[in-house]
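So the structure is just underneath, and the comments pick up after that.
Labels run A, B, C and D following the written order; every chain starts at residue 1.
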Amino acid sequence: MLLEVRDIHVHYGKIAALKGVTLEVEEGEIVTLIGANGAGKTTTLKSISGLRPLTSGRIVFDGTDISKLQGHKRVLAGIGQAPEGRGIFPGMTVQENLLMGAYARKGTFREELDEVYELFPRLSERRTQFGGTMSGGEQQMLAIGRALMTNPKVLLLDEPSMGLAPMLVAQIFEIVREINQRGTTVLLVEQNAMQALQLAHRAYVLESGRVVKAADASGLLDDPEVRAAYLGGDLGVD
Amino acid sequence: MDNFLGQFGPATVGGLAIGSIYALVALGYTMVYGVLRLINFAHSEVFTIGGFAAVGVFLMVGVSAPVGGFALIGLLLLTVLVAMAASGGTALLLEQVAYRPLRKHGSSRLAALISAIGASLFLQELIKLVIIPHVFGQSNGAIQLQNMPRVIDKTPLFSIGNAPIRLDHVIIVVAAVIMMVLLDRLVNGTRVGRGIRATAQDPEAAVLMGVNIDKVVRTTFLLGGAMAGVAGVLYLLYFENLDYRVGFVVGIKAFTAAVLGGIGNLRGALLGGFVLGLVESWSSIFLGAEWSEVTAFVVLVLVLMFRPTGILGESLQRARA
Amino acid sequence: MAALRPKITRLTGVLATGMALSLALAGCAGNSSDGGGGTGGNASSIKIGFMGDLTGENSGIVIPPLNGAILAFEEYNAKNPKVKIDFNKDLHYDSQGKSDIAPNLVTKAISQDKVTGLIGPAFSGESKSVGKQLDENKIPSVSPSATNPGLAQNGWKYWHRVVANDNDQGPGIADFMMRAKSPKKVLVVSDDQEYSIGLAEALAKAFKDKGTTVETDKFSKDSPNYNPTANKATAFQPDLIAFGGYYAQGGKLLKQLRDAGVKAPFVTGDGSLDAGLVSGAGAQNAEGAVIGCPCKIPFGSVTGPLKDFKDKYKARFNTDPQIYAAEGYDAATAFIKAVEAGKTSGDDINEFLKTLSFEGVSKPIKFKDNGEPQANSIFVYQVKAGQIGLLGDSTQAKLEG
Amino acid sequence: MTGNKSPLRRAFAPIGAFNDKMRDWWEGANLWVRWAVYLLLIIFALTLLPSPQFATFMMPGSDWVSTLIHPIGTFILLAIGLNVVVGQAGLLDLGYVAFFAIGGYSLAYFGTKYGWNFWATVVVGILLTGVSGIILGAPTLRLRGDYLAIVTLGFGEIVRITANNTDEIGGARGITGVPHPTLPGVEFTLRDAAPYYYLMVGAIVLVIILSRRVEKSRVGRAWAAIREDEDAAELMGVPTFKFKLLAFAMGAVIGGFGGAIWASKVSFIEPGNFPFILSATILAAVVLGGSGNLPGVIVGAFLIAWLPERLRFINEYRILIFGAALVLMMAFRPEGLLPSRRRRAELAEGTGGMGSMGAEVATQTTVEPSEVSK
């Protein structure tokens, strides 16, 4: 098991955001978390990458308990994340942004850079442009590319489709599949449940801070409850 | 205004000199603000400490007459290093004691500001009540360090127009620009600098890149403090006197300079410092020196009305270019 | 612990009484109208207070007169008089020179401590803020050092001082400098403090009256940068620079003037009569600077009663008497004379002060009706070899060098 | 995780618990109970508080009733005024002393130059400060928080320096003989502080009522919305600029009122009475007491005014200790002594109505389960 999240509770002040979330990610999988706004998807990801403290519960990664590990150390351990809203450094160039991904490691990163530029040729064209001046789709590519530069064992993606045109969404999802096929495990948070379920191997459904369903993605696609709740009026365009 | 031309040259030189000092102090405000969004009110005392450290060095070395040549260079280097260490150390301590606990508990910036004001008062009184009497042996009530040793010969080197240029003028402006360039290189050209900029631009994303925020914050305070330490030395060389409150006045001016240039923006701090120094100096010719602070603040308000984020725009974020 | 117990008992007692009395006390808050000058005629001791900046930045001007007064009262009490004068530490009110603190302290002095008279306030600003209060409460005051001319024009009947005011000091200094240097162009400088502006105005007027061309400049006390003033001096090229202000600013100004290459002679007034002027400017820069003062400080070798005073002061405080020490001594002596004459209420002492006349250490002490001293001599001092030396009375002294 | 709570933070817990209990009781109390408490408080303020027996304990070094008027009374007035700006509308004002000065100078100037009647002049002074609040606010309130802070700081300094350099209003000499108030049957003099004390209590009660009324009104709700999320407030149709300006003007008016009363009490004012540090101190009082919560703010102002005076026996060390106390308080109880519930909720959410510090990523020690489970 690469990543295990065991019964975690997380609070914002006195408000409970997660009330006992348990999930597992096997090496090589694409796992997706779906759920409505405020269900706790983003909080789950933030807890895994150390941006939110746990009130209780445990997170085990690659066999070690990382519940108390500081966020920046989890990056070295192999957790890479493209955060919600992309988190591009607006005052840095594309190349600098990518190099930030390798911040925690020493050495030159020619090969990793080349690989990212190969995955995202668009970034290669714009390597001297400032992050803040790019379009949404480009920023999303940069965020994913930057997360890849951390050399992650598991890549956490938070709503990569947000605010993007359907064609771009398809493109991004294709790249995610590609990344996974090259050997990186992916934990994907999406509101765009339909496409996420088509891409993922397994899925968890979150509702108000709890996991209410866990199954194979294909199984959930056919689940009438899930269809009604998440797939009905939610066909891609935001 | 008949004597305007007579005063313009010297006023410009003086304005640049004092502006350099403002600029160096402004760097500390701007860096801490860029990273923490905090007005580090106690930064003014960090500056004062630098000045006192310099006095300490002069007294310890036993300077009694102006020195020149390599001796001067050596002495200044030593003094600057000691002052940078003292100020940087103070800034670190300040971060540790006054700001870290608040940051860890996610306190509001208002609480942090009050903590900063408290720390500022505390340090000011500490200098007055402990450092001056016990380290420098001044009697109680005497708050000025007397008999400041003269380190640099102050006879004019040459004149530009009717403005005599002294060695201390040259040292101050050159030192400020050198420090500025070094810092700029550090922030924009090194890994440490990238960490600082990343944290300033998006702290959460920075963590996701493996940046240790605590370390970045410490570095920021250290660097800003060190710059203020240099400013303290230059101030001492220029004015040759020091009391426990000098930081307050210089600090407010420097913060104004930082905002004027665009807070969070390193080059803005330099520009803001020079603009403020010159505005003060020039306006004194027309209005009298007693109005210089009023003009400085009026200029600030005017600039902000038309450029709400300062002359060069805000923050380490877009400051790259 | 044992020592604490009675205090605690007293405290609880006090609190209980307070509770019980509280309702009855409605409307009597701070009722202090028994002021009227404290104790009656047959007291065995009376209290005299002292007010000034005892811990603030200008305390250097206030501690010497306080010491002078302490000396005088100690001598008096040592003679075992019928009525002793209580001048203990609790009666030394530290206003820090701030006009917003002084009134509360005066209220306390009057209503709680029941002082009969006050030496001070030391500065003019605080004097303004409490003069009326002292007057309404009939507390005679003698200031050893407040020199603002306006103070005497408020119609306060209980107010006195033993120093000449700035309207005497200005012309005194100007006359002396005219005789010594006959300047044609004078730059009169002040900072933005009340004392400084007042003296500078007096100086400017006096020099104008002598027919010189006067240019004025003013800088902000808090700014470290006095270069604009130096620049103005460079452009104006005066024969003399006159500064009204305290030594803290005077020293810095003098240094920055000399650093800017301004070589004109420098003259200033009582607020700068302190070694701090020399050390602030640097001995070399301060050399030859002239300082006028309505005070007489026994610098260097002196003779007569002044020498006597200097020796006693040195023996008691282990330091030479500084500015206004002699005036503090004389102010205290004025009260002592009143008590010796059997006057122990504020009213009586005040009446007595109107007729008082004696040879003080600093000058002959005799008050005009408005509280000003009769003698308005100005003394001049000069910095020589890094030391301030007394040249003498401004009407007779000669400038050296 | 449970052991993370520092002992000092724990030490404050009883205050919080007591505070909560009091508030619960208060909210459940009858109208007449509330009025009885108000009445008792006023009676306490008028009788026991200024009594000489109390004074020996409260203020051995200076006159207690005078100290109750200034600094305690004036600080409370100013803190209530600044609380409108900082606590209610969430605007950072570092130059509040300017309004105190303008109020004081209005009274002094019109009273001495033209011999205007005290009450008329107070009204004029209040109008002038209100206008000056608008003049300051109009160009600057569009600025973001920290720019506003430095600009207000600058405004405070401009007012002080201008007063110092303007001979028409006395310059550095200040103004003497500021008129005393006139009331039939009461004589305001320098001999007796009592009438001033009652005037001050009256003024504070008046300002409290005003502040409470506004807080509970539509205006108060608009301020709260602005404080919590200005953009959201704007989107909900709150004309944020107008309401921010109103907060500024109202804060200014209260400050000016305080200045006028104070000036008439001391009868002499000078520019040096209005330094920046006074603005900072009042701000500290507001935050220390519990920004946004009126009782808290009053307690904060009382402590900030009283303690340094009470601690005069440690004389020169008192500002040192004051500074250290501010740092400690903010480290261990950043929400203030008596925060309002709403405020605490905002703080718990991490913004406190004025945004949080940058570089803020919650780390492992932030949340105490004991607080959470409540």
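Points to keep in mind about this one:
Rule of thumb we're sticking to: contacts are C-beta pairs under 8 Å (C-beta built on N, C-alpha and C of every residue); 3 or more make two chains touch, one makes a residue touch a chain.
Just so it is clear, the structure is predicted and the values come from calculations on it, not from any experiment.
Ranked by the number of C-beta pairs in contact, the top chain pair here is B-D.
The chain with its C-alpha centre at the largest distance from the centre of chain D is A. For the pair chain A and chain B, the distance between mean C-alpha positions equals 43 Å. Averaged C-alpha coordinates give centres for chain A and chain C that are 75 Å from one another. In terms of their C-alpha centroids, the spacing between chain B and chain D amounts to 32 Å. Put simply, the C-alpha centre of chain A and that of chain D have 48 angstrom between them.
In chain B, the positions touching at least two other chains are 140, 204, 207, 213, 290, 293. Within chain A, residues 51, 70-71 each touch two or more of the remaining chains.
Chain contacts: chain D has residues 161, 164-165, 316, 347, 350, 361-363, 365-366 touching two or more partner chains. Every residue of chain C that touches chain D in the complex is listed here, in rising order: 11, 14-15, 17-19, 21-23, 25-33, 35, 55, 94, 98-100, 103-105, 107-108, 111-112, 125, 128-129, 132-133, 136-137, 148, 150, 154, 192-194, 196-198, 218, 220.
For chain B in complex with chain A, the touching residues are 191, 194-195, 197-198, 201-202, 204-213, 315-320.
Against chain B, the residues of chain C that register as touching in their complex are 55-57, 59-60, 63, 191-192, 217-220, 222-232, 234-236, 248, 251-252, 255-256, 259-261, 275-276, 279-280, 282-283. Contact residues on chain B toward chain C in their complex (touch as defined above): 3, 6-7, 10-11, 14, 18, 140-144, 146-148, 150, 154, 156, 164, 166, 235, 239-241, 243, 245-246, 248-250, 280-281, 284-285, 288-290, 292-293. On chain D, the positions that touch chain B within their shared complex are 86, 92, 139-140, 142-147, 149-151, 153-155, 157-158, 161-162, 164-165, 276-277, 280, 283-284, 287-288, 291, 316-317, 319-320, 322-327, 329-332, 334-335, 347, 350-363, 365-366.
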